[in-house]
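Read through the structures below before going on.
Two complexes follow with chain A in common, the first pairing it with chain B and the second with chain C.
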Partner chain A sequence: MKRRQYLIGALSLAVAFVVFVIPFIFVFLNAAKTAAESATLDFSWPREWRFWQNLVEVVQARDYMLLLAYFNSTVITVGAIALMVVSGAMVGYLLQRRRTPWNRIIYGFVLAGLIIPPAVVPTIWLLQQIGLFKSITGMIFIQCAYGLGFTVLLYRAFIATIPRDLDEAAIIDGAKPWQVFFKVILPLLKPVTVTVIVVQSITIFNDFTHPLYYLPGAENVTVQLTLYNFQSQFVSQMNLLFMNILLVTVPPLIVFVFFNRQIVAGMTSGAVKG
Partner chain B sequence: MARVVLNDIRKSFGAVEVIKGIDLTIEDGEFCVFVGPSGCGKSTLLRIISGLEEQTSGGIEIGGRDVSLAEPAERGIAMVFQSYALYPHLTVRENIGFGLSLARRPKAEIAAAVKKVAETLQLTPLLDRKPKALSGGQRQRVAIGRAIVRDPGVFLFDEPLSNLDAALRAQMRIELTELHAKLGATMIYVTHDQVEAMTMADKIVVLNGGRIEQVGTPMELYEHPATPFVAGFIGSPTMNLYEGKVARQMGCDTYGIRPEHLTLSSDEGRWQGRVRHVERLGADSIVHLDVPDLGPLVARTTGDARIAPGEALWARPQEGREFRYGAV
Partner chain C sequence: MNLPTGRQAGSAPSHGRGSTAATQAPAKRRGSPYPYWFVLPAGAIFGIFFLAPTLASFYFALTAWDLFSIRFIGFDNFVQFFREPFLMQGLVNTLLFASITSAAKTVLGLLIAVLLTSGIFAQGLLRSIVFFPVLVSTIGIGLMFAELMHPTEGAINLALAAIGIDGPGWLTNPSLALFSVAMVDIWRGVGLATLIYIAGLSTIAQDYYEAARIDGATRWQQFWRVTVPLVRPATTTVVILSLIGGLRLFDLIWAMTRGGPGFSSDVLASVIYKQYQAGFYGLSTAGNVILFLLIGLIILPLAWWFNRKEVEQ
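Let's turn to the complex of A and B:
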């Protein structure tokens, strides 16, 4: 029995190594090569280490575009998540606690948001009508909308495990409805909030397609779109491309490494307490 | 000061009427206990008084003020929940001071109030703990502290002791009674445990199916239960009650005799039966008899009585202790 568990453990580690670590090493090695050497895309040790020079070159490319992209992506991520957490928790709270005929309709919208695939062209049309196309604000709303359905469901399930007595005790203590939410309920939602923040921030920060559709324009560039800087029809600088990949994937990775315990706790805590 | 008056309170959930017209006055400073079987509407009535639930019709006055439509916080009440309902993310100190800090009282005033309450309830060493680091009894005390600090005219308790073990329950019963004497506030206490009702109440309200069966002091209810329901509910072990043919032979619809009002003897009495089972409680013994033509009969006798199962015994009701309902 022990021996079998050991084997299974070793096997899964090996698979994880092949799937996750080898590509990363490949990216890392190629990011340190010269342009000519990296063009062959070999899995080989760099003959000449140009890690630092490549890094500087990537950061400086196109007038420090990467830094602008970091800034834009961060603004979008923070904005969208702040909006998502506050509105998701509020909607989840009302859906769970209040009994009104509206609940079914709102719940229907939440599910629709989760099930129906987003349509790009009408969304762009709508953004243009309200003057938010090609703007960071518009992008924040879009990212928030994409994640909101899942967030609401997560919060609703968790709030169902918080006894209603707590709300009532606060009401008797003189809390107004918004105080019940912000002072009693919201602090108890921390595990879910951490989960939402981490999962969504990685998704939004790493998003490639949605900024591509909804946020054209050099001044609006986001981190994933900077990859285009080094791969186009005419020039390919694989070493810089790989360096760029490295720079773009590292921040989310750090977030994940630091918060991964809380994420798992938040994902399961609603389920177990029941 | 904090007299509570209920005028024809009714409450329906959808089509189901749960509270069916309650008129009741609870005097200032009284310890009033609502008892009744599960589902009779005790909690609902208490929640209507607190304002957490809105009555379908009827009026509520607290301290001479009509509060029928007032917010819970404006009624001058405090409530202790069965589940304690402590805020898990706040320390004991913050739990007790929560209401005051919502009211934006000065920090020093809150600290002083919390300190005073903590001393009353011996919570001072626990002030910086979170609720999850407390025992059940300590949590209960914090919940009571949170009520006291509001300095309410009326305390509402919904089965506050039912999550505690028997020993702690007995201790908390005494503490609550002492607290009542000390604060002199009106207290309304919901329980389905008739021991709690008998030991703590100035006034017991027996509820059944959303109606009041009887209101009175514990001894009034014990000595003069107005209905067979009250007779069966108050007193432990419960009264022997007989209906139908047996009762008609004794000239009534329902006949009742308490176990402690039966005298057992080996040679004479009204009913002869066979001992089925003897419960020895130490000071007392509870004797279960099977009486032909009557049915099971429970009698209470001294702890040292030498009675064995299978023995034949006579039981005789004591003079003036029999209850006859619907007598013709």
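Let's turn to the complex of A and C:
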């Protein structure tokens, strides 16, 4: 490596540190301060470390609302992704394997799902009609519907790499179509399934807008909503607000450390083909 | 490609279960191994929870609708939308916000991607640092920067004061608030643009650069004549993704300014939410339809234009 490259690298690292890392350090330091000290918003070392006490206090706030929120967010994320993976893979499989004029229409819907902003008030009206407004079940279906476009595209591209001979061999052995899909194809889709799970779990976990509309009420609170609600509650306790931000940032950080490769694969899937 | 090639006509077991498939072409496709009912689960969820409300919005947008009653009023909501200055401002701000953030993410994303593929020191670490904000909760980022941008006590203005600059009221100055939020959105989203560009750059064969060097092209010429044209598919993705994201953006604005001060940083998505909260469901839905049409009118021609250029090359 040339000296110049070291120099540019070190310089970039310094800039990236100031621009991207310092804001998070600011949050971390303030999350460890006392309420009085964090109120000044100083970028300074805490005079007294209260990290653990603040953590406990945030978790206990409002009857352990944060724990309920983590539970709700987890249920929504897991439920929506389970639905999305199975139903999305089925569509991707059909789109890739069976070429008919219908494909264009299905494809059009997939793109529409990616581009069109959901019509919120009519969706609320519809959820009320079928009794799913303010319910976790309704939220699961909503998140699934909003993520299907992305899921179908990823699966369709991946299934193109799986040879048809496999389907045919299974059919000759007497497998029914659903058996071919669930017993032969679906297990082979594991790499892309991991990508879908990782990318969508971050998207759904971080989603604020849709729970805000479709899940009002304290018993259905999600993680992002607690952050928003605490903003008004913690106005005199900035340290707790920062602790809350920190706690919400941790899950994506963990996912990022373990699934870096899958995230990159999922998020750049459109880049090469366009 | 239509029929499985290796299948021997007689030996393939054709189960008579294809009643859905059979409606298409009974003679040819009886019991296709890829039956149409495979779209049913996804189709039902998508149809009920996404498509139906979207179609319904075209009717609801034409009504005066509140908690108690609903009444057809034709295009009055749209007329009101274009007459009320604060609603109009939301529309203008949306366009402004989307174009600024999209342009900045495209340009910065490409430059950072070129830097981070040039073999510099700590390249992998830098990629991770730039990308990480993409994964962090938008609300968390919004609240964090709202504090950093505090006019008197915020770390940004304190840092500026330390070098003798009098920092502005980033979020309290009406003519600045939208741009401050846009800056944070660029900060948050540039990592994704960079990532997409890095993937795009990795597909360009080194031969092109070698040939250009032999022909005596400077670094600058190589960038404009080789990199920029060949990375076009990535540019398409970045521009379209960031435009869609910018036009639809709600959470960051809501966390940082709630459309304020006044209506100075309102965008369509925050107007939709405010009208919904105020109980003007018809007007809110009209805002939704306008956003929908706006995105369609911008994205479809743009996608078509990018694709055409690609074919031409």
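Keep this in mind: the second predicted complex is superposed on the first by the 231 of 274 C-alpha atoms of A that agree within 3 Å, B and C clash if a C-alpha of one lies under 4 Å from a C-alpha of the other, contacts with A are read in each partner's own complex, and residues count from 1 in each chain.
Assume a residue touches a chain if its C-beta (ideal position, glycine included) is under 8 Å from a C-beta of that chain, and two chains touch if they have at least 3 such contacts.
Quantities reported herein were computed from a predicted structural model and do not represent experimental measurements.
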{"item": "First (chain B), second (chain C), both or neither touched by A:I245", "value": "second"}
{"item": "Contacts of A:L166 with chain B and chain C, given as first, second, both or neither", "value": "first"}
{"item": "Contacts of A:G174 with chain B and chain C, given as first, second, both or neither", "value": "both"}
{"item": "Touching partner for A:Q224 - first (chain B), second (chain C), both, neither", "value": "second"}
{"item": "Most chain A residues touched (candidates chain B, chain C)", "value": "C"}
{"item": "Contacts of A:P187 with chain B and chain C, given as first, second, both or neither", "value": "first"}
{"item": "Common ground on chain A, meaning residues reached by chain C in one complex and by chain B in the other", "value": "165, 168, 171-172, 174"}
{"item": "Chain A contact footprint on chain C (complex, rising order)", "value": "1-2, 4-7, 11-13, 15, 17, 24, 32-36, 38-39, 41-43, 45-46, 48-54, 56-57, 60, 115, 118-123, 125-126, 128-130, 132-140, 143-145, 147-148, 150, 153-155, 158-159, 187, 192, 195-200, 203, 232-234, 236-237, 241, 244, 247-248, 250-251, 254-255, 269, 272-273, 276, 281, 284-285, 288-289, 291-292, 295-296, 299, 306-307, 310"}
{"item": "Residues of chain B touching chain A in the complex", "value": "50, 52, 71-73, 77-79, 81, 83, 85-89, 98-99, 102-103, 146, 150"}
{"item": "In the complex, chain A residues that touch chain C", "value": "1, 5-10, 12-13, 16-17, 19-21, 23, 26-27, 40-43, 83, 86-88, 90-91, 93-94, 97-100, 102, 106, 109, 113-123, 125-126, 130, 141-142, 144-146, 148, 152, 164-165, 167-168, 171-172, 174, 176-177, 180-181, 202, 205-206, 208-209, 212-213, 223-224, 227-228, 231, 238, 241-242, 245, 248-249, 252-253, 255-256, 260, 263-264, 267-268, 270-274"}
{"item": "For the chain A and chain B complex, residues of the former touching the latter", "value": "163, 165-166, 168-175, 179, 183-184, 187-188"}
